[in-house]
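Two complexes come next, and they have one chain in common, subunit A, joined by subunit B in the first and subunit C in the second.
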Partner chain A sequence: MSEVASNHYLEGLLKTYSQHSSDVTPWLSQMRNEAVDRVGELKIPTKRDEEWRFTDISSLTDIPFQTAQTIPQLQPADIKHHYIQEAATRLVFVDGHYASALSTINNDSGIIAGNLSMLLPSYSAKIAPHLGQHVSYGDNIFAALNTAFLHDGVVIIVPQNISVSSPIQLLFIATQKEVTSHPRCLIIAEPGSNVTVVEDYIAGQEVAYVTNAVTEISVADNAHVNHIRLQRDSNQAFHIANCTATLAHASNFQSINVALGARISRLNLNVQLASEGAECAVNGLALIKKRQLADTHTFIDHIKPHGTSRQLHKCIVDGAAHAVFNGKIMVQPNAQQTDSSQTSRNLLLTGQAQVNTKPQLEIFADDVKCAHGATVGQLDPEEIFYLKSRGLSEQAARNLLTYAFGAEIIERIPVISLKNQLEQAVLEYTQSTES
Partner chain B sequence: MSVALQNLVNQPYKHGFVTEIESEIAPKGLNEDTIRLISFKKNEPEWLLAFRLKAYNKWLSMTEPQWQNVKHPKIDFQEISYYAAPKPKEKLASMDEVDPELLRTFDKLGVPMHERAALAGVAVDVVFDSVSVATTYKEKLAEVGIIFCSISEAVQNHPELIQKYLGTVVPVGDNFYAALNSAVFTDGSFCYIPKGVKCPMDLSTYFRINTEGSGQFERTLIIAEEGASVSYLEGCTAPRFDTNQLHAAVVELIALDNADIKYSTVQNWYAGDENGVGGIYNFVTKRGLAKGVNSRISWTQVETGSAITWKYPSCILRGDNSVGEFYSVAVTNNFQQADTGTKMVHIGKNTRSTIVSKGISAGHSNSSYRGLVRVGPTADGARNYSQCDSMLIGDQCGAHTFPYIQVQNHSAKVEHEASTSKIGEDQLFYFSQRGIDAEEAVSMIINGFCKDVFQQLPMEFAVEATNLLSFKLEGSVG
Partner chain C sequence: MITNNSKPLLEVQGLHASVNGVAILKGIDLTINYGEIHAIMGINGSGKSTLAKILAGHSAYQVTAGNVIFDGKDLLALAPEERARSGVFLAFQYPIEIPGVANNQFLRLAYNTVQTQRGKDELDPLEFDDYVREKMKLLEMNPDFLDRSVNEGFSGGEKKRNEILQMALLEPRLNILDETDSGLDIDALRIVANGVNQLTNKDNATILVTHYQRLLNYIVPDYVHVMNSGRIIKTGGKELALELETRGYDWIGAEENIPEGAAL
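== the complex of A and B ==
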């Protein structure tokens, strides 16, 4: 991509910026102004940047994506089928704007949930130490853009020792063509709390749009957060997401990321084990076909001793799709007794499918247990033969094995209705494969 | 780490001495005239000069690579003397005529040539500061039609082979250091195994960098014709110097149908002192082309020396059913930095590759494994297995793994595994309970850790490597 195109594109984006800088808290407007300045200094990455080597997003600049000017009035009936039955609290955003009529907030359990502009006046003291503090944009143009356009977002605060039994659903619906939305989520789990959050991105219609999301999660001492991220955007859409979780003493973070949609998707997931004894499990599944590209970059940073991390990332690639995985695990110099393992498994279903995987270890401490592994392959002919010997057709055997490959991740989702929904999606995917 | 053990780790470099032989040194700096001078001194044909100049022009347009995980002050390429040769002497017919001082140098290094040649049946092509001084066993090899000589000799006697193959595996503009080497290489080894010949002995060269301030630009070319097979050994030690010396070698291997090349290296160049001062910069491009069907290229390396090691012996698996192998042990101590690994590029059908890499870091050193496994769309049934293990000794060092896996063919099967470990207290306790002291226990554990690689080395190298490792790391654990 030429520099001119990139700058032109960014300028176009920033044009709409001023419309949102209404009177807000001074620290927030300062943060946004800094981000705007940073956007001015940065460029859209190209394949020449190591971090974007396999993901060409130059087509992003072909369309002048703007933030939505008008918001369609959706009826609950239109989106009801996307609801998770178990969820007592549900926040719905349409094209990046909060739709209060569609949202349900249940405060019985003691949680504080809502959109940023509503909660900011009363909870500024709780929000300020976290908002924009976990995802540092640095050279990351997309995180900077999101921060520049930060006018609203999700805030969930789980107070000390509160355990929320039902999951919280965050639903982001894109309905308009050639529109950019910048969803923002902030999840603050205070000491000893326990919460499950489902972040769900869906398409209202099959058109091209851009989702540029940022999620920040703070897991305080002894807190437990289950975070499920579902990306079901339109097959013409771009989905770019930056997600950072910061883990305090003896906290636990369970993350499951499923990518089904988007023409080009990119997830940067950052987990900082910032205090002793933190634990995390990061699971990922990319299920793609045709000309889709799914790129997942994860970074698990063991900063303090006695941390544990487990990672399993799977890609199923059909058609001429392309999956990219870059998993970096860092063990900092004093993070002794770290126990970390990472596995990247990739299934190629056709001759045109492509995988680039790079599991990466950087270790600066000697008393650690670290292992990683990666495999790329097709379905095992012996396994197919075994199933055929049991009377299954070739196609049925292949579908069953592909399904089982993906189900390993889906099964880890702690929300039953969502698990069933996704299992169905994997099943449909296997039945539509081209092989 | 106990004091006694510290002392052992910090043993001074035992091969540090300078042999005083009169050298003929070209003035410092690099320009077209330097290249013409090298070419003229070596009495080279016109096409080789053109090759050098083309590489030089490419080099001018290139910049030093920045992606590797090593740090060093910027190299001033105009401060290097690109040609140093012992004063021309009459041609030697036998070993007895070799300069006794030179022979003593090898004695000090523990490689008496007569002994080594006689006992191990190894033909040693001694490269001493870029010019081949003596070659043994040449006649015996000539009987079966094998050409084993210095590359400058090959340029004079077999120009057609050099012209046909030089730069075909590592093109002149391949990378910054390869381009530099192509422009200024002074000497190196050339080996040609004719059709159907199994080389009757292991071939060996002994590299040594002498003359402070002169970088060495070795060029090695090995060609195995159809059905031929050869095992080639390269071993290095260097005297102690305080200014950094640049070493940018290029090694090219070509294996035709059913041919088999095994290339083994033990590298123990001066690594700098315990404060990271001095030491060799070892920036090497090594690549093998498995061109024919069923051909095989195998790299084995034991990297213990050099302040900075930057090398990726690679295999281009073009022939159907060809095999690529890479076995590596990289040991870093004090302030050494190693960024090493391999590239396996699968192009032909049913190609197979194996990567076994063991990294040991101690002191303040950093060692990285950087590897690429690429399976192209045409490589049906390709198979790769990679294993890279690291061991950290002490909490000031670092181990890094950067494996790139790129697969464009669904019938391929690629597996990668990596682990990190340390020498456990319980392991040491077990040894001491059996009456084995900590020193020996560590040596045994490390040798066990590297066993998979040492097994691939020819016998006498395996012995040398085992000793070298114990010597490098003795007492780093306590």
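== the complex of A and C ==
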């Protein structure tokens, strides 16, 4: 893609940018203005950029994806099947706009949840230290674009020592073709709190659109956050996401990322173990086929001592699909007693399926325990034979093993109905494989 | 158990097989009647496990000559899953671990696949749960094994019990136990052997592939065959196993006067 095309695309996008005077808070409008400036200076990355060498997103600029001008009036009946039954609080966004009629907010547990423009007047002091502070937009064009268009979004504040027993569902539905939405989520878990959040991206119809999401998560001292991110966008869509979690002292962050949809998807997930004794588990599953591309870049940064990180990333690649995994683990000079392990496992179901996996371990401390490894392979003939010797057909054996490969991640989802739903999705995927 | 009126369940005739062009079986003849238990013994590399895998249909081995007739049908013409459905069962020496698939899910799938083939009704998860728990008592297995992934993190003994549990569920006609005694402590061996003894009857037959005589104290064979270099070089009754235990394997080759490196 030429620079001219890139700049033309970005200018086109910014034309739809407008000041919403009603919700302007000085610090927020200043942030937006800075982001607009950064958009003017940055370019859409190409395969010449190291961070994008396997993922060609030049086709993104072929269509001038604008933000939605009109929003369809969805009825609860239209989207009810996407509801997670255990969720007491559900925030729904349609084409990037908050749909209050479809949303349910339950404050019984003591949480503060809602959309940014509603909560900003009362909670500016809690929001300002975090919004735009975890995902930096200075050198990231997509985060800058999201921030430039930041007028609304999700805010969840879990006050000190509050445990929310039921999960919170954030549902982002795309219904229109050739539209860009910029979903934004801010999750603030105050000291000693505990919360489970499901961020769920859904296609209203099988058309081409762009989702450009940013999620920021602050996990304070001794807090515990389960974050499940589910990308089931249209198979023609582009999905770009930047997510950062910052972990304070003795906090715990459990992350599960599942990519099923999109023509091209890219997730940048950063976990900063910014204080002593922080723990994280980062699990990923990409389940793709045909000509899909799913790219996951993770960065787990051990900044302080006694941190623990566990990462398992799996890709199941069918058809002529292409999975990319780049997992960097950094152990900073004073992050002694770090305990880290990373595994990338990849299953290729056809001869055309492709995976690029790159585990990266950078250790600058001397008293650490770190392990990492990657495997790329096909189904094991001995496993297939075992199942066939029990009466299963070749196809049933292959399906079961493929399912099992994915189920290892799905099983870790702490929300039962979602787990069941995804197990079903994996089952349907395996039954439609081209192999 | 040898009965006078029993008919052949398995007839192996002049079976030759190779893997990657290397001959492993060099002419096996073996007839097994309904109701019988046959032990196949031999040193490592004698071909006894290969025979077990070939009977189950492992694709790594090429049959280069000979026939295998199972209940009047050409067994070698059947795919592994067809053999399983028509009643051949191999208890693996090294059962495969399948993380991500719950044992009960796997057992029910296998059970229902085989039942359907036999024209019987499938069991739903609740019905199957009752059924499998009953069978597990036979092997003194903790019901927790149903919820764990197939063989994942099982000890050697637990894996072998899980194999015999599958045998109990699938009710095969030909049970092939490949080194089922390996890696078992004495208690586990007793439990597994008990389970097998309760499953053998006049309507099935059993092949015990084993290295040691120990298993045969618990499961008493009608015949003992000794394999060497891809052939059965001696056949006898259960007392042959005891003789092997005291004298080792070397004397047989000398007695039978098999020339070193004899080719066929």
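One rule holds for everything that comes next: the second predicted complex is superposed on the first by the 430 of 435 C-alpha atoms of A that agree within 3 Å, B and C clash if a C-alpha of one lies under 4 Å from a C-alpha of the other, contacts with A are read in each partner's own complex, and residues count from 1 in each chain.
The working rule: a residue touches a chain if its C-beta (ideal position, glycine included) is under 8 Å from a C-beta of that chain, and two chains touch if they have at least 3 such contacts.
Not measured: the values here are computed from a predicted model.
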Exercise for the section: Scan A:G377 for contacts with subunit B and subunit C and give back first, second, both or neither. Expected result: first
Exercise for the section: Look at A:A407 in the shared chain and tell me whether it touches subunit B only, subunit C only, both, or neither; answer first, second, both or neither. Expected result: second
Practice task
For A:V355, select first, second, both or neither according to whether it touches subunit B, subunit C, the two together, or no partner.
Solution key: first
Practice task
Identify which of subunit B and subunit C touches the larger number of residues of subunit A.
Solution key: B
Practice task
May I ask you to decide whether A:E394 touches subunit B, subunit C, both, or neither, giving the answer as first, second, both or neither?
Solution key: second
Completion exercise
Per the touch rule, the subunit C residues reaching subunit A in their complex are 56-60, 79-81, 83-85, 89-90, 92, 95-96, 98-101, 106, 109-110, 113-114, 117, 149, 166, 170
Completion exercise
Contacts from subunit A onto subunit C in the complex sit at residues 380-383, 385-394, 396-397, 400-401, 403-408, 411
Exercise for the section: Provide the residue numbers of subunit B that touch subunit A in the complex, in ascending order. Expected result: 67, 375, 377, 390, 392-422
Fill in the blank from the handout: Per the touch rule, the subunit A residues reaching subunit B in their complex are 50, 333-334, 336, 346, 348-351, 353-378
